[in-house]
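Note that chain A is present in both complexes that follow, paired respectively with chain B and with chain C.
Up next is the complex of A and B:
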C-alpha cells in the first residue's frame, strides 16, 4: 500500500492556500519530499489585508472569549499530541525531547489563555495626579504583528513567538522557514479552535524573499524576529522600518509579563472630577 | 463704556544673571569646548543676544560619553536609596531657585512668564520628586525581574519646554540607574546649563549628568557614538525617523516622542463655554509649540457656527506680547525659522481655500510674533489639516456622527493625543476607546503630571514618559 502524503499549504484568512506565485520549496522528511509554499510579496499583501480585518475581530472580542479560544487551542493540541510527537521525531528529535516540547507547549498555551483577561490589570493602573482628575493608563494591542519564528524545530518555540502578541489582541502573521511543516500542521489546530479568520495567519517560505516587503509595509505595525539574523539583514529591516516609525524587536524577551510589553500601546485618559 | 487703560506688570529679569559665555558640563566640571566654537543664543522676543554656548564637536561628545561611562561605575554602585536621595535633593534645589529658572526660560525661549512660572517649573520639580521615589522601588514597579538599566543614555530634547523636557528625560533615567549625556535644543540651551549648577549644588557624583550644547550635528554625534546604550529623543517626526534609521542594526535602545496633529472633538452635547476654553488652551498654550496641541478642531456640524463665533470672541481677548509681562497669554515664537515655517503653512492654507481669522492686536516691533489664527472651511486634504504647524494656528473640520469623528481623528499618521468634549459619559468612553492616541483628554486638554504616562501611537513615536510606564523607557528587558 502506498502512503498518503499530506499537502501543506499556507493558512491565510482561515483558509488553506497555495502561494499565488505557484512557487514552492522542497523539504525532505523521512524520505518524503514536501513542496511547501514559497510566500511571495503578493501573498504578504494578502495576509496583511486579512490580518487587518482579523485584528478588528480579535481585538474587539472580550478578554473572556479570547481566553476560552486560547484554551481551546490547548485542547486541540492535547488531542493531537501523538501526531506532533511523531512529526518532531520525523525531524530527528528523540521521543523524550519531542514529548517534552509538546508538554511545554500545552503548558504555555494554558498560561497565556489565563493571562488574556488579566494582563490589563497587570500592565495598566490609575495614576495619582495631583489635581482633581480621574487619570487612567490602560493598553491597546499594537495592531498587526509580523513574527518570524525560530529556526529550531520546536512547537514550543513557535508558540512563544505567537502567544504573547496574540493573547493581548494583536493579529499575527507567523512566518516560518526551517520549521514550516510543523507550523503548517499547527495551522490545523488554529483552524479548529474558533479563532476569527485573519487573527493568525501562518506562512512559509524564505524570509530573505520578503524581508523588504515586510519591513516596508506600513500596515504591519510591529516586526518581531525570534531568529538571529545576519547583521545586514537586521540593519535593512530596521532602516526600512524607520520610514514609518515601525517597531522592530529582535529576539524579544519571552519571560512572563515582559513578553507582552512590546505589543502594547499605553493610552492615558484624563477626566476632571467635579460636581 | 469705561475706558480701561492697560497697565503692564513686568517680572524683573534681575533675578537671573546671564553669563556672557557658557561652557559644557562634563564629568562634574564646567569645561570649555574642545571645538573652541560657540553659537549665539538670543531672546526671541527682542532678538537681543543673551549669551554664547559651545558648539560641541566629536571630541566634546567623546569626552562627555567617556565621563558618563565613568559616572556609571559610581552611580550603579550606590544603593537605590542613595540614588533616590540625590533626586529628592535636586527637586528641592529646583523649587528653591524656581523663579530664577522661570525668568531665564521665558527670556531664552519666549514663553510667557505665567506659563514658565506656574506650569514649567512646578512640573520640573514634581518630576524629580516623583522619580526620586521610584529609584528605590524598581523591584516593585513591574511584575518581572528581567529589567535592567541600559547604562549610558544619550538624550536630545526640543526647544518648546526646555527645562521640563530635561526633567522628563533626566529624572527617570537617573532613577533607573542610568547616567546621561543630554543635549538641549540649539535655541534654548540656557536653563539646561543652569541645571548643571543644580547638579553641582546637589553634589551629584561626577559624570552622572553631562550637558553638552550644540546644533543638529552635535545631536547626530551623540546618536552615532559607539558607547551610547540608549537614545531618548523628543522632537520632530522627521528627525525621529532619521535617528531610528541611524540606529538600525545596532544594539542601542530607542524611545521617540515625536510630532502630533491632535484632534479635539467637540460633540453637540458638550458644555460649550467650557469647550471653548479648553480648545483655546489646547492650541494657544505655549504659542502652540506643543507636540500634543489640539491643532485640529473637530466640530459637530450642528454647533459649528455658534462655536466658531464664541471661539473668535475668546481668541480676541488673548494678550500677545512681552513674555515677562505677567498678563501675557501668548509670547514670542521661538525662532525666525519657526516663524517662517508657520507663516508658510498659513499662507498655503489661505491659497488652498481655507477661511482665515486672525485676532486684531498690536505686535511688538522686534522679535518673532504670530497672531492667534483660526481656519474654518477647511478640507481634510489641506496641508493645514495634515501637517504639524507647531504654532498658534487652529484648523477646523466638521463631522456628523461619532463614527465619522473617530474616523477623521484617526486619519493621520500621528497618534500622540486627542480631546473629547461631551457631557455624556458613555460617549466619552466609547470615543476614547477608539482614538488611536497615547493621551486622551476628556473635557479638558493639555493636562500633565509626572505620574501620568505620555507618548504616542503610530508615527508619533514609541515609549512613554512619566508614570510607572515611563520607567520602562529606561529599563531593558533581558531574557
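Up next is the complex of A and C:
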C-alpha cells in the first residue's frame, strides 16, 4: 500500500486554497512534517470579502436552518471520530483524553444547534418603560468576526472559539497557529455540512504576520482572541481597531449563554401598546 | 457618393470600405498579448497615480428608469467631490445620464469642470427610425449636453448594411457639430473581433470622437480583448488619416485592479498621449467606489468598507 499524504490548505469561500503568497510553514507531528499555508495579508483580504458575502447568506438564513446545519456538523464529526482521535494522539494526547475532547466537541455543537432558535428570546428582552409603549431590545449579529483560536490542541476549544458567533448568525474567519492541522482537517467537515460559502473561513499561519492587517481592516467588525497575547500585541490591535470602531475581546467567556453576548448588537424598538 | 466632412477631414466611403476589408485578426496572438499585459504589477506611488487618473477618467453613470432629480443631484455631488474627506482625489470627467435628465445635471455641475454626457439615439437598443434618433440627440444637445453617447445600428451592421451604419453616425455627427460624439459599438452584440474592428473603423470614419465598448445593459460588457481590437483600430485610423480618436470602456469593470490593467494596456500600446480624460474614459458606476476604497487603503494601510464613502 502506498501511504498517501494529505496537503492541507486554507478553507476560504467554500474552497480549499493555497496561500496567495505560495508560502508555507512546517509543523512536525510524530516525525512527520506538515506543510501548512502561511496566510498573507492578501489572503486575509480575500477571506474578508468572502465572509462579507457569507454573512449576508448566513445571517438571513432562518434560525431553523442554522440549527439543522450545525446539527449536521455534529453528525459529520461523529462519523469521523476515529480519525480525529488519531490526529489528536499524533499531537501527543492520550487516547482517553482525545476521545473525551471529541465527545465534548460533539455535545457542544448539539447544544449550540439547539440554541440557534432560542438565543434571541434569552438575550433580548422587553424593557420596563413608564409610558404606553413596548420597548424591545432586539439582538442582531454583529457581522464579520475574526477569531484567533487557542494554542491548545483541542477540537473542543477550537469549536468554542467559533460556535458562539456562528450560532447567532455572524460569519467567522477562524485563524489557527499551533493547532492548524486540526483546524484544516475540521474544515473538511464544515465543507460537508452545507454551510453557505463564506460563512466560516478557516486559515492557518503566523498571527504576527497579519496582526496589523486584521486589526486595521474596516470590514471586520469584531476580533476575538482566544489566546493570550503579549501586552504590546494586544495594545496594537486595540489601537488599530479603534480607527474603525472595531470591537476587540481578549479571551471572551465560553460559558453557556454568556459566550454569545459579545457577538450581539442591540437595536431598541419602541412600539405603541394601543390600549 | 458624397464626401463627408469629419474632424475637418474628408473620408470617402470607398476608403472606408477599403479599411474595413482589411480586418483579419490573429485571435490567438491577440489573446496572448492581452493576457501578458494583465500581469504587470503596479505598486505604491505609481498605483496611487493610476487610481487618481482612473477617477479623473470616469464617466459616472446612471441609466435607469428609476432615475430622479434627487438621484442625479446626489450623483453629481459625488462626481464633483468623489471623496469629501480627501481633496486630493480629483473630480470625475463627466456624468452620464438620459436626455430627459440632462438639464438637471447641467444645472448641478455649474462651477465645476465636470461635463454632462447624454446617451441618445434611443440607447440602448437603437431600434427606432432615424428621425427619432436625430430628435433624441437634438433634444439632448439643446438641453445642454457636452457629450453625446450614441449606439450604432446593430441591426444594420449584422445584416451587412455597413453603409447604413456609417450614414446614421454621419447624420448624428452633423446634429452634434462641436459636441463630443462617442459611438457605442456594443461589442457583446458583435461577437467576433473582426466585427469589432469593422464597427470601430466605420464609426471612426463617420466622425466619432470616441468609440465606446458597451452600453452596460448587456451581460457581456467591456473586455480588455475587445478594447485591444478597438485601440488597434484607433491607431490604424490615426496612421492613415492623422486623427487621434478616444476610447471609452464601459460595462463590467468593477474593480480598480481591472481598471489599472486597462491603463497598462493603453500606455503600452498607444502611448501616454492616450492616458488623459480627453482620449480615454471609463464608464462607471460601481468602479468608482472601489477606486476610492483603494486610494484610502493606500494612504492608511487599512482595507476599507464601502459604507464609509458617499453613495451616488
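Quick note on the criterion: the second predicted complex is superposed on the first by the 270 of 275 C-alpha atoms of A that agree within 3 Å, B and C clash if a C-alpha of one lies under 4 Å from a C-alpha of the other, contacts with A are read in each partner's own complex, and residues count from 1 in each chain.
The rule is short, and it goes like this: a residue touches a chain if its C-beta (ideal position, glycine included) is under 8 Å from a C-beta of that chain, and two chains touch if they have at least 3 such contacts.
Just so we're clear, the structure is a prediction, and the values are computed from it rather than from any experiment.
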| item | value |
| --- | --- |
| First (chain B), second (chain C), both or neither touched by A:62 | neither |
| Contacts of A:213 with chain B and chain C, given as first, second, both or neither | second |
| Which superposed partner A:257 touches (first chain B, second chain C, both, neither) | first |
| Partner chain(s) touched by A:241 [first = chain B, second = chain C, both, neither] | first |
| Which of chain B and chain C A:107 touches, first, second, both or neither | neither |
| First, second, both or neither for A:45, with chain B first and chain C second | second |
| Which of chain B and chain C A:83 touches, first, second, both or neither | neither |
| Greater chain A contact set [chain C / chain B] | B |
| Which superposed partner A:7 touches (first chain B, second chain C, both, neither) | neither |
| Common ground on chain A, meaning residues reached by chain C in one complex and by chain B in the other | 243-244 |
| Contact set on chain A toward chain B in their complex | 122, 125, 127-131, 133, 135, 137, 140, 231-232, 234-239, 241-245, 247, 251-258, 261, 265-272 |
| Contact footprint of chain C on chain A as seen in their complex | 45, 48, 212-213, 216-219, 240, 243-244 |
| Chain A-facing residues of chain B, complex | 126, 142-144, 146-147, 237, 240-242, 244-245, 247-249, 256, 258, 413, 428, 432, 435-444, 447, 449, 451-455, 457-462, 464, 467-469, 472, 477-479 |
| Chain A contact footprint on chain C (complex, rising order) | 300-305, 308 |
